[in-house]
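Chain IDs A, B, C, D, E and F follow the sequence of writing; residue 1 opens each chain.
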Amino acid sequence: MREVRIERGYTAHAEGSVLVSFGQTRVLCTASVDNKVPGFLRGKGEGWVTAEYGMLPRATHTRSDREAARGKQGGRTLEIQRLIGRALRACVDRKALGERTITLDCDVLQADGGTRTAAITGAYVALVDAIRWLQARREITRDPIFGAVAAVSVGVYRGVPVLDLDYAEDSDCDTDMNVVMNDGGGFIELQGTAEGHAFRRSELDGLLALAEAGIAELVLKQREALAG
Amino acid sequence: MREVRIERGYTAHAEGSVLVSFGQTRVLCTASVDNKVPGFLRGKGEGWVTAEYGMLPRATHTRSDREAARGKQGGRTLEIQRLIGRALRACVDRKALGERTITLDCDVLQADGGTRTAAITGAYVALVDAIRWLQARREITRDPIFGAVAAVSVGVYRGVPVLDLDYAEDSDCDTDMNVVMNDGGGFIELQGTAEGHAFRRSELDGLLALAEAGIAELVLKQREALAG
Amino acid sequence: MREVRIERGYTAHAEGSVLVSFGQTRVLCTASVDNKVPGFLRGKGEGWVTAEYGMLPRATHTRSDREAARGKQGGRTLEIQRLIGRALRACVDRKALGERTITLDCDVLQADGGTRTAAITGAYVALVDAIRWLQARREITRDPIFGAVAAVSVGVYRGVPVLDLDYAEDSDCDTDMNVVMNDGGGFIELQGTAEGHAFRRSELDGLLALAEAGIAELVLKQREALAG
Amino acid sequence: MREVRIERGYTAHAEGSVLVSFGQTRVLCTASVDNKVPGFLRGKGEGWVTAEYGMLPRATHTRSDREAARGKQGGRTLEIQRLIGRALRACVDRKALGERTITLDCDVLQADGGTRTAAITGAYVALVDAIRWLQARREITRDPIFGAVAAVSVGVYRGVPVLDLDYAEDSDCDTDMNVVMNDGGGFIELQGTAEGHAFRRSELDGLLALAEAGIAELVLKQREALAG
Amino acid sequence: MREVRIERGYTAHAEGSVLVSFGQTRVLCTASVDNKVPGFLRGKGEGWVTAEYGMLPRATHTRSDREAARGKQGGRTLEIQRLIGRALRACVDRKALGERTITLDCDVLQADGGTRTAAITGAYVALVDAIRWLQARREITRDPIFGAVAAVSVGVYRGVPVLDLDYAEDSDCDTDMNVVMNDGGGFIELQGTAEGHAFRRSELDGLLALAEAGIAELVLKQREALAG
Amino acid sequence: MREVRIERGYTAHAEGSVLVSFGQTRVLCTASVDNKVPGFLRGKGEGWVTAEYGMLPRATHTRSDREAARGKQGGRTLEIQRLIGRALRACVDRKALGERTITLDCDVLQADGGTRTAAITGAYVALVDAIRWLQARREITRDPIFGAVAAVSVGVYRGVPVLDLDYAEDSDCDTDMNVVMNDGGGFIELQGTAEGHAFRRSELDGLLALAEAGIAELVLKQREALAG
């Protein structure tokens, strides 16, 4: 796995603000607390956790169009932000959160593969910071977080299973899988795609074992960061 | 698994046109051949296979907004059509297809869970029909199809692993997984989401076994339909 | 006139669901009841009847762009759905309907000319089914339907007046007219366009006579379907 | 019929520029010549005539939203501009026009009913001026105009057939019909809508006679304006 | 300075309606009163003044696309309408206006440079007319207008400072500045751009002196118009 | 003036990448080289310099909507990016640049007033880095940069002229002016707005003197950064 760094308090205004790096990939994750919930939850005494994802136009090797200028978010963006939201909701007791929304904005400053897994891993820390902020102001009493969430990519690159693919590996791999797990070793989300040939059960088993090891390491990094 | 029906030639104009039913779920899959490719492939002597997905407003229990009227396709729609496209490209030799695009339009006439897996399973048959149409006109000589592709959902519903969830089961299940495989038993795509608690490796193994059995059955149905 | 078929209960969820065929033209018309009205009617004790129209991308000889993907409905679509809505409102006592909206979704599965007239003719039957559903649940007491509505196209094709033009005739005709009438022989909407040379009063008179005969036949078909 | 005024050369830049008034209704119609044609006509040696329609936000009694700010043209706008385009193409020999497009912009400065019929009547004069401009520069040799086109609305208002309805009459009439004719007495477009009760053949006949008389008068006004 | 004309009551429906001409530039400015305020002001007892700007497609030498058809307002349009709104708010006591919005629609019928300065100068007169209309109906008691606002462009054209640039001068000038001032000689807005070489303080001083003189003249024109 | 820091090479992929800070305001400016020019310049042997501006949703005290999600860039964004583009073009010889476009993406990571002036000041350094990159690869021979460009805001805050306003000062100031100058003391852009009362010539003179001093300091910072 590439070097992982988790830097809290990266920007000043957000209730949680984390710059997470997986090697050359750098994602700014902020958590914003709002005392409202979407329409479908109004009056139910439950909160909501959601995510938005963006990539700065020149985070990548060649400049990509600005989605705001094109007038819509692409399918890849929507897919990733839906994934981040689901992943983070999996560790939150929404009753304990109360009628408020926490929005996790994950903006990629520099991309080198694995932006969605870095985003989930960093957004978790930003989310905990926002919860602590609420607790410090005594707006919530019970802790709504019931476990850590982290994510990593694994893949088969030139016949070899690899953990945490960078862009060069990702572009050229046979199988690409994103794994989201909690700190209890449970799976939250699993997304595997055969890029070249279809993959066999034995390959899948190898990739999952690799991912489990990687997640365990990431959960430690998150704990260290939050203790820091 | 619910009763599966695959009806070829459902509409008259498309090069391939299939109505696929998984129980109450009914999806119309058409394959359209166009002698052009997207810009990034122009001049490379390769073809393209892509998909679009839609749901008629009243395919569902309560009417949902028409995406054309809202002015954009939602994240779920984009995610599904990207999945269908990737799945079908996994069984096509794009060099053998030559510089043409086959677009698979998957429109849900009636929804009762599993629309994306039904769409992939039916779109494969429509795709084969379009290829046959090209072969009959001698526009292509080599067969670009190198294996069948089918998809099924599996999930843990009230503690029990279930194959091919209907809407009621899907809405209330703990884990929901869509599996795309080829007829050689290889995995093409795997998307699992923990809806309730995180799922364990043992649960995952059980679900994958169930999916493998289901896919084998679907591949038979596809063969029967294509032989008919 | 081409063979007309009206098949009720084509899909399961909608309060009214009709597949109407005028020859090769096939339109799925669903009626959805919603206990709300648009803002301009709120609190007035009146209901609303409206329509939306769509064409599956490969309903036509060559694939047309999906309006949801293009991000907007074309002028032709808006024009047709406005026409369908006006036509159906012409047979409904909106006071008797009460503060609810019935939306008629008319989606063309296969197109061969006359999709808008088939849509109106089929949507009327779906509308009556939705009203019966409301009556069966005793949500309304008075019958808000005060007459049948049907529509047909007429045109001058190679000098000869033709009833219910198919696509080949429509593309090549001199005059094209859509006529919406009620079962009392009254005109609800008349839209005639000279495609080639301008048409004379005598030609118009001939076309209107043809349309009157066609509508009478369609009203019978509607009655049979509703009695079935 | 209300007082009709046709003022040529209302603005300076356009190849044709006409302010047309039907009573209080005032529409600025400009004709712009462009030496290109839409994609579907390229290389065919034919020209194109098209129209766009807009209404200034405060042309009406209460301010309506600016379509540019809302981000789309409404259905009524699209319907009207399609009608204007069809009407004007009916008097143009597109071969004689050659590979160029004439765009008729019809912008309503003040609305009091009948904006679409005023627009057609005025746009015809602007179109002729643009053709004359082309002829003066010897860019075309044959005259592509083969007849005049004018339009008027008729309706049944409180039981009485009325020619050229103003806003108050239009809002409250039973039947509303827009008639586009050429100077040879041929019909180009006929759009009649029953607002209250369905209308009978006899009513229709009365309205058409009224429209024929009105159109004859409008054609004279156009001739006077063009001779001026 | 080019000839300036200010014609009140140009259209009938708006509470204020002014056609302003700066030479060949003609802008229709209407003021519309609405008894609502935007969300951020609701319940604060204050009013709002805002502006929208548009250009008819053929107001210019060559036809420009209709913004409503393109589906969005361009950056230039947004910039100008924000400027007009700020300029007009600078002369209004929003408490005295009460909870109502006055919208100034500035639509360019013919453009020959200086459309934004003409718009501000004319919109002020339309605004005063709308205020008088409110006073005549005794809806407001205190006069919310506390000074006149006018605007003019100045620039360095071929080395010479010029007041009120027309299109030819504007396209070819070295420095272009728009100045908004009140009748007390105070600056409300200053926007200067070096088109060719950067401009020096001495050039700036010369341009400001020219602008001051021009504004004084415009304020007189406004007074005459309002007295007329 | 607040502490100014200019950090080159902040991200890895762009030809120029600068993080600029004016106090708490932090803007990431990247310069991307593309060997194409917009349509209006094609074949003229000239290059283009343009800018895009964005603000991360939680760069501000309260979270603002993501423009990509809303589907359009706001008026403020468009206004700022047009300003940045004009400012930078003022120091570039576009003939010497040749037929290539340099796009300056200015994305605000943290906002505390003065984001547009920081963006211009930082984008200049990113632009120079991109030019050096072109020179190092010998793609251009002549240096297209003919002077430095920097920008600063000045304002009257509680009666006192202030240089480089932070958010608190900016929100509460009477007059707010953005000044763009070159290193020769020439003005490139001047945008002043009276927020409270209109400002007098004497106030303007004071603000311009303050701005001139600030710009001189910024130009030194740019030189130091580029020498580093």
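As a working rule, a contact is a pair of C-beta atoms (placed from the backbone, for glycine too) under 8 Å apart; a residue touches a chain by one contact, two chains touch by 3 or more.
Source: prediction; values computed, not measured.
Between the contact lists of chain C and chain D, the overlap is empty. Centre-to-centre separation between chain A and chain B, using Cα means, comes to 28 Å.
Chain centres here are Cα averages; for chain B and chain C they lie 32 Å apart.
Averaging Cα coordinates per chain places chain B and chain F 49 Å apart. Among the residues of chain E, those touching two or more other chains are numbered 71-72.
Read around the assembly ring beginning with chain B and moving next to chain C, the chains appear as B, C, D, E, F, A. Chain C contributes residues 72, 74-76, 78-79, 81-82, 86, 90, 177, 181-182, 184-194, 197-201, 204, 208 to its touches with chain D in the complex.
Against chain A, the residues of chain F that register as touching in their complex are 11-14, 17, 24, 26, 28, 30, 32, 34, 52, 54, 56-63, 66-69, 71-73, 77, 103, 105, 107, 109-110.
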